[in-house]
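One structure is given below, encoded as structure tokens.
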Amino acid sequence: MTTSLTLATAPVVRRWRPRPGAAVGALMLGTVLLLTAIVPLLPGFDPMGQDLRAALRPPFADPAHPLGTDALGRDLLSRLALASAVTLGMTVVIVIMNAVLGSLIGILAGYYGGRLEALITLVSNVTLAMPVVLLLIAICAVLRPSAGLTILVLGCTWWVGYARVTRNIAAALRRQDFVVSPLTQGGDSVWVLTRHIVPNVWPHTLIIAATDVATIVLITSSLEYLGLGVQPPVPSWGSMIFDGQRHLAGDPWLALLPGLVMLLAVGGVQFLSQQFTAETRGGLLRKGGMR
Amino acid sequence: MPGRPSPSVIDVLLFIARRLALAVATVLAVVTIAFVLGRATGEPGALLLPDNATQADVQALNSSLGFDRPLLVQYLDTLVGLVTGDFGDSYRLRESALGLVLQRVPATIELAFWAFLIGLALAVVAALTIQLTGSRVLRAIVGWAGAIRQSVPDFFFALLLVLVFSVLLGALPSLGRTSYASLVLPVATLATGQFVMYLRLLDAALSEQAGQDYVRTAIAQGQRRSTVLFTRMLPNAIVPVLGMAGLNLGGLLGGTVVVEVVFAWPGLGKLLTDAVSQRDFPIVQAGLVFVALAFVIVNTAVDVLVRRIDTRTAAA
Amino acid sequence: MSTVLRIENLRIETDGDTPRTLVDGVSLQVDRGESLGVVGESGSGKSLTVLAALGLLPVGTRVTGGRIVIDDRVLVDVEADVWAGERELRALRGRTAAMVFQDPMSSLDPLRAVGAQVASAVRVHAPRLSRRAARERAIDLLTSVGVRDAAERAATRPHQWSGGMRQRAMIAMAIAHDPLLLIADEPTTALDVTVQAQVMDLLAEVRDRTGSALVLITHDLGLVAENSDRLTVMHHGRVVETGATRAVLAAPAEDYTRRLMAAMPAEQERATPAVRTGEADALVAENIVVDYRVSGRKTPVRAVDGVSVRIAAGETVAVVGESGCGKSSLAKAVLGIQPAAAGTVVVGGVPVRSELAARTAAERELAQIVFQDPYSALDPRLTVHELVAEPLRIRRAYNRATVGTLLADVGLDESYAKRLPGQLSGGQRQRVGIARALALRPRLLVLDEPVSALDVSIQAQVLTLLDTLQREHGLGYLFISHDLGVVRSIADRVIVMQHGRVVEEAPTAQIFSDPQHPFTRQLLAAVPRLDGPRRTARPAAA
Amino acid sequence: ATGTLLLSGCAGGFDEGGDAGSGDTPTRIVAAIPTDPTSMDPIKSGALVVLSVFFHTFDQLVTITADGELAPKLATEWTPNDDLTQWDFTLQEGVTASNGEAITAEDVAFSYQTILADPTGENFAYLSSVASVEAVDDLTVRFILKSPFSAFPRNTSLISIVPADTYQEMGADAFAQAPIGSGPYVFDKIQTGVSYDLVRNDDYWGAAPAIESISLQPVSSDESRVNGVLSGSLDVAPIGPTQVESVESQDSAQVFSALSNGVVFLGVNSTSGVLTDARIREAIGLAIDKEAITEGLLSGLAEPASTTLAPAVEGYSDEVTDPGYDPDRARELLAEAGYAGEPIPFDYATDGRIPLSADVAQTIQASLEDVGFTVDLRGADQQAHTLKVRGREMEGIYLNTWAPSTVDGDLPLTDLYEPAGNNNYAQDPRTAELAAEQRGVEGESRLDVFTELLSYSNEQGYYVPLYVPMNNYAADPDLDWTPRADGLFDFTQTSFK
């Protein structure tokens, strides 16, 4: 992933209609969640235990290590499960932080407008103009790189997309009569914000968040490529792929397995989220025959 | 209802003034953040001297680089440098930092520009084809391919491209910026990512336009669907996409690091990340100012373009 | 005499495994030079029927039965399995049959100059015409539909055009190729009566020139009376009655038609006023000025320019005037939503500040508003119960029973309490809005076009309700409307506004019987009536 | 040069690079270097990677061969006085720089004097022993040292000689853009951070090398270097140990491996916390199975080390031993010392100098925890790690490496055992004394001092030597080349088959 922004225009919340894509998406994501949930309960679960003499076992060769072992002889299945938990956990935290922060900023900017909005525009411009990777490298140079730091930095710098979308919605809502009307009835801004703006904004936030999951997973793994993020010996998808890359020629599964798990999870979330954003395709511009 | 006057000279001047103020504020903020982070990361002397240099040598070097001055003086110095465009010499490379940054700029712009252009162009073609044919199969295929591409990190995707096209087929160079052929793989890595993103945005925007009444009006006049699509819907749909593209291209200019590392592409991203970790502050400052300026300029250009396409926003 | 459009036994269903029938067995016919009016309640299938004729059905619906013939070309014959292709339809659309759609705001491409859009409509069926010639033709067309300075205005974009002007542009496009058939789907609902009259005059004049047939869809019976030769009444996707317009309206044969007619506001003032003397005036607004700051302009736009209004308790004062004359702005100033730049507001005897934010909660409760648009006035996520409860909750006076009573007051029983606004009809939403406004027992109720979105039968229900409530609670009403028939039947006094100023103010009876100001007269003259003058194209039978 | 570069860059222009792919034996070599070189001014620049350029384009007084031996280069012979404080170097006759300027003792003296004049220069530290330099006559240079130093000539192998008049005329900045030296190659084109292109100097005074042109290109990623060689974009590139096997199995490349001049070791801060207890320090050494690391993790591409000097380095002695791997003994020692699980910080650099450093660190962590240590693993990037080491901020143990480019034990020992040494956390006066003593003696007696010092260090557990890594390279299968112990490139003896 590049660190460039992936922003979506405000998607339209649509009624859930089961589509094949949704089923596939749920299946893909479900597989990964199941892996995360079940494997730690299995008897052989040991993501940290090293055995250099049993290093680089291929998958299915050794019943003790169903998916083989890595360069330090650690059980790959266990590590995959732990990595999934770690990465997904981090991602979810980061996404939630950004979604909350971004929506809050966007809502306030959209609702109040004026000076506040100008300030927020400046802050988001600076955030966008300051490459996250650089920021993280600089901060890691001072503090030690850790999952927490990555969460903190990414969690505070990836909100611009949310802010922009929610700002537009909030600005549009502000002019809606149903937002004005509680004011005429004696309610204050807090009332309007909490009862009308936030509840009408958050479904949109949710949809961006769903697409953002993919982006954040990719960014955190890219950061791990640069040595920033979850620290060994705790695995993550990014670091597993990165470590596995070195063995791509001889032991390709080391990179491909975490790659596959990541594909399942990220692709699954994407398919699922597409279900929300899928349009009534074609609209008025459909094939023009009578039939 | 009286027609709104088209933007007056005052409007345009105001717009320019506001933009300039925003640009200056952005650059200033970025430089300040960079300065603070820079001083927090520590003094570079120890990184510049060989292992057997003593602490005294390191101290001497640090003070000759000006680190013994009060922070405020150093900061003001940075600001003066910003105004005069003189960011000083790189500590490591002992050349003008700005010169080094500018040396790398073409490579980065080239990469970002092609990736952006090809990604966007392909997305436009694909989105238009989907709309025109109304083919669900096509949309599904493109959607799946996009989801899969987006599930693979750039560094891994780049590596797979290298393995297939350079190592296996020997068709394309795997690294460096030596010939037009060497552009292909890095651009392909970035452009595919861009493509997926723009396709999503465009497809959503076009689908939304397709539901607009003016489309029905045009069809009811007997216009060809393709005409309606190209001349009516596309300009309408591209406006929001352009806004996103501006943000994105700005980001792309500072953020192609991973690809630059994999392809040993002599771009700004690698120079900057190296400079940050090596505490080569003059390069960091010069580079960040460039990135921030590029971001502001690109986005201003996009805004102007959008205002030209959509005069409704001009008055707002 | 040749038939231009013939629809026989048309059936339209939704796609999908369990198709719903939307239009069933509809037959109608228009001859050359003739004008056919189509009326019926909202959702009865009027639009779908005519859209089907040009192959423009929205996604998710399709023709499943019947025949459509335009100018002797069979476009659809389900039994014979004849389906016109895209190419054939394209040749027909805009040349043989053209449409004017309801909403002139969204029916034009927002990004292209209006002239260019007209020119491209010209060039569709005259590809050999040079661009320049097409442009000139476009300007001619715009001039011919009454756009002044067409050459200059052609270069501007739709947002710089007023609604009436846009509708003219739509008509200019529709008549670019002198079509045999013009279909106008509610061409004037968004326009005020004077503009509506202009548009209808224009359509008549065009038909006079080209001899085309017209299908006019509307819910305004006066409008069809003045503008159609024959009338088709639709109900629940079926045609219930067809015949010569005057004959049908004079002696409706079907029950539904009769009900429609009965719901039309009576052309007389209300019998007994509900004004209560001795109570504080509901509203005393003096010299209200409302300014809007517009970027790029030094001086603000003055929407309301020194208007004074007095409303006694239990009195209804109507504000009428053309679109954009400042009616809503006045209402917002009274409420404080758009603070007045000058002037004083006293509500129920209490002087209040001009900004809403500066008013105390108690002051805010004195005046309530029912918004113009029932669709944006209700939070789509809240149930009816919650919506009505909200003002009470704000005041910490929530009580289940109170909400129930309020709903009952506006004629909504318990079964509606759990519904969301999306599950209500327009009239029901409007009633929820009224219940909300009444919850705080205000002295003044501002009603901004409360019935313009409703069809006549529902409109009648709402008006009756308002009358009842006024008599019970002694409310003062500030009633904004452009429907003079409604105004006549409900208002005690009428204020006529033009360009932000009051041009005439008088008791209702006097306004209607003896209008003083020329503008008032112009307004009154433009109101379509069942017995109004016939606007004919060439006499059809001749 | 910058101006034209920019122009061509903006126009999207490229230089057609690439290998001579025709049937003849190629005479151009493209080599990857792992990091960006610094300035091309040899007076100012002293970072190791730049030496790969300077060895080709400049002359040094002496040179160190691929196997670590001292050999004449610009100097034909050198002699110390009795107490090793004065060294006279005799220069080769008739040497000229590529612009025709004669290289004499004056130029040598100028080069050294310029370096000595700037204590903030990168090269200054290599000459910390020098008091003064002078040209005795045209072909003789005399170095006066501050104290006796037997291995001094090796240090001169790092200092490149510039033509004094040219350097002064051009000024340092301009010289860095278009450097002129007397080496077997001359600069063709410098693109900072992108490529450093050299062509053969046909007027070179010495034996003409076979390779006509050399391009050194920084490529920071391991994978990219391997793929560069496999795909033909590169002719030779350093690679990581895990890649060796897969490259070996390919026809399109060959592997060169050579034991390096460096040792990877654990630094121990013996002055803080539980590590002040020598028993606990000893337990650390006993807990680590070096064999497992070298054979398992590093695929045999390293040798277990028992001292902080690599075998290739002058001063190495196989008499120095370490206690070996004995986890049980380690546990006993911990129990004896009453270690109660106090966490020991363990710092390492996630990238950079030590290949697979993260894996190595994790293995060590596992081994230590296996015997009962509590280890707090802390990664940082190489630069932050270096700053911490040099700032004496390491609190527990840390992973580090020392590879003397002089291939002599003096440099590392100064750093590891003398008071000013960056890695010297113990500040033991005895080690400082011994480290100074070896400078004043030569030959066998010098070796004895080394042995004593290193054995003492092992006993005290100041450092835990881990292993001597190999330098591994992927290369064009036709390349005839010998890798150097110090990991630098020297293609003067190289050719294609």
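Structural remarks
Labels for the chains are A, B, C and D, by order of writing; each one numbers its residues from 1.
The rule we apply is simple: a residue touches a chain if its C-beta (ideal position, glycine included) is under 8 Å from a C-beta of that chain, and two chains touch if they have at least 3 such contacts.
Since the model is a prediction, treat every value here as computed from it, not as a measurement.
Where touching is counted per the definition, the chains common to chain B and chain D are A.
The chains in contact with chain B and with chain C alike are A. The highest number of C-beta contact pairs joins the chains A-B. Relative to the C-alpha centre of chain A, the farthest chain centre belongs to C.
Taking the mean of the C-alpha atoms as each chain's centre, chain A and chain D sit 43 Å apart. Centre-to-centre separation between chain A and chain B, using Cα means, comes to 21 Å. In whole angstrom, the spacing between the mean C-alpha positions of chain A and chain C is 47. Between the CA-based centres of chain C and chain D the separation comes to 85 Å, rounded to the whole angstrom. Shared interface positions of chain A, i.e. residues touching 2 or more other chains, are given as 137, 141, 245, 248, 280-284, 286-288.
Residues of chain B in contact with at least two other chains: 41-42, 159, 163, 212-213, 216, 219, 225, 261, 277, 279. For chain D, the set of residues that touch two or more other chains comprises 223, 381, 383-384.
Checking each pair of chains for touch leaves A-B, A-C, A-D, B-C, B-D. Remark: chain D residues 222-223, 240, 242-243, 245-247, 249-250, 292-293, 295-297, 350-351, 356, 358-359, 361-363, 365-366, 377-381, 383-384 touch chain A in the complex.
For chain B in complex with chain D, the touching residues are 41-42, 46-58, 60-61, 64, 92-95, 99-100, 102-107, 110, 159, 162-163, 166-167, 170, 173-180, 182, 261-264, 266, 270-271, 274, 277-279. Chain C makes touch with chain A in their complex at residues 55-56, 58-60, 62-63, 75-76, 83-86, 89-90, 335-337, 356-357, 361-362, 364-365, 367-369, 371-373, 376-381, 390-391, 394-395, 436, 439-440.
If you check the complex, the residues on chain D that touch chain B are 2, 5-6, 9-10, 12, 14-18, 32, 36, 38-39, 41, 44-48, 119-120, 122, 124-126, 128, 173, 176, 191-195, 217-221, 223-224, 227-228, 230-234, 381-384, 386-387, 390-391, 402, 411, 414-415, 420, 422. Across the complex, chain A meets chain C through its residues 176-178, 180-187, 191, 195-196, 199-200, 280-284, 286-291.
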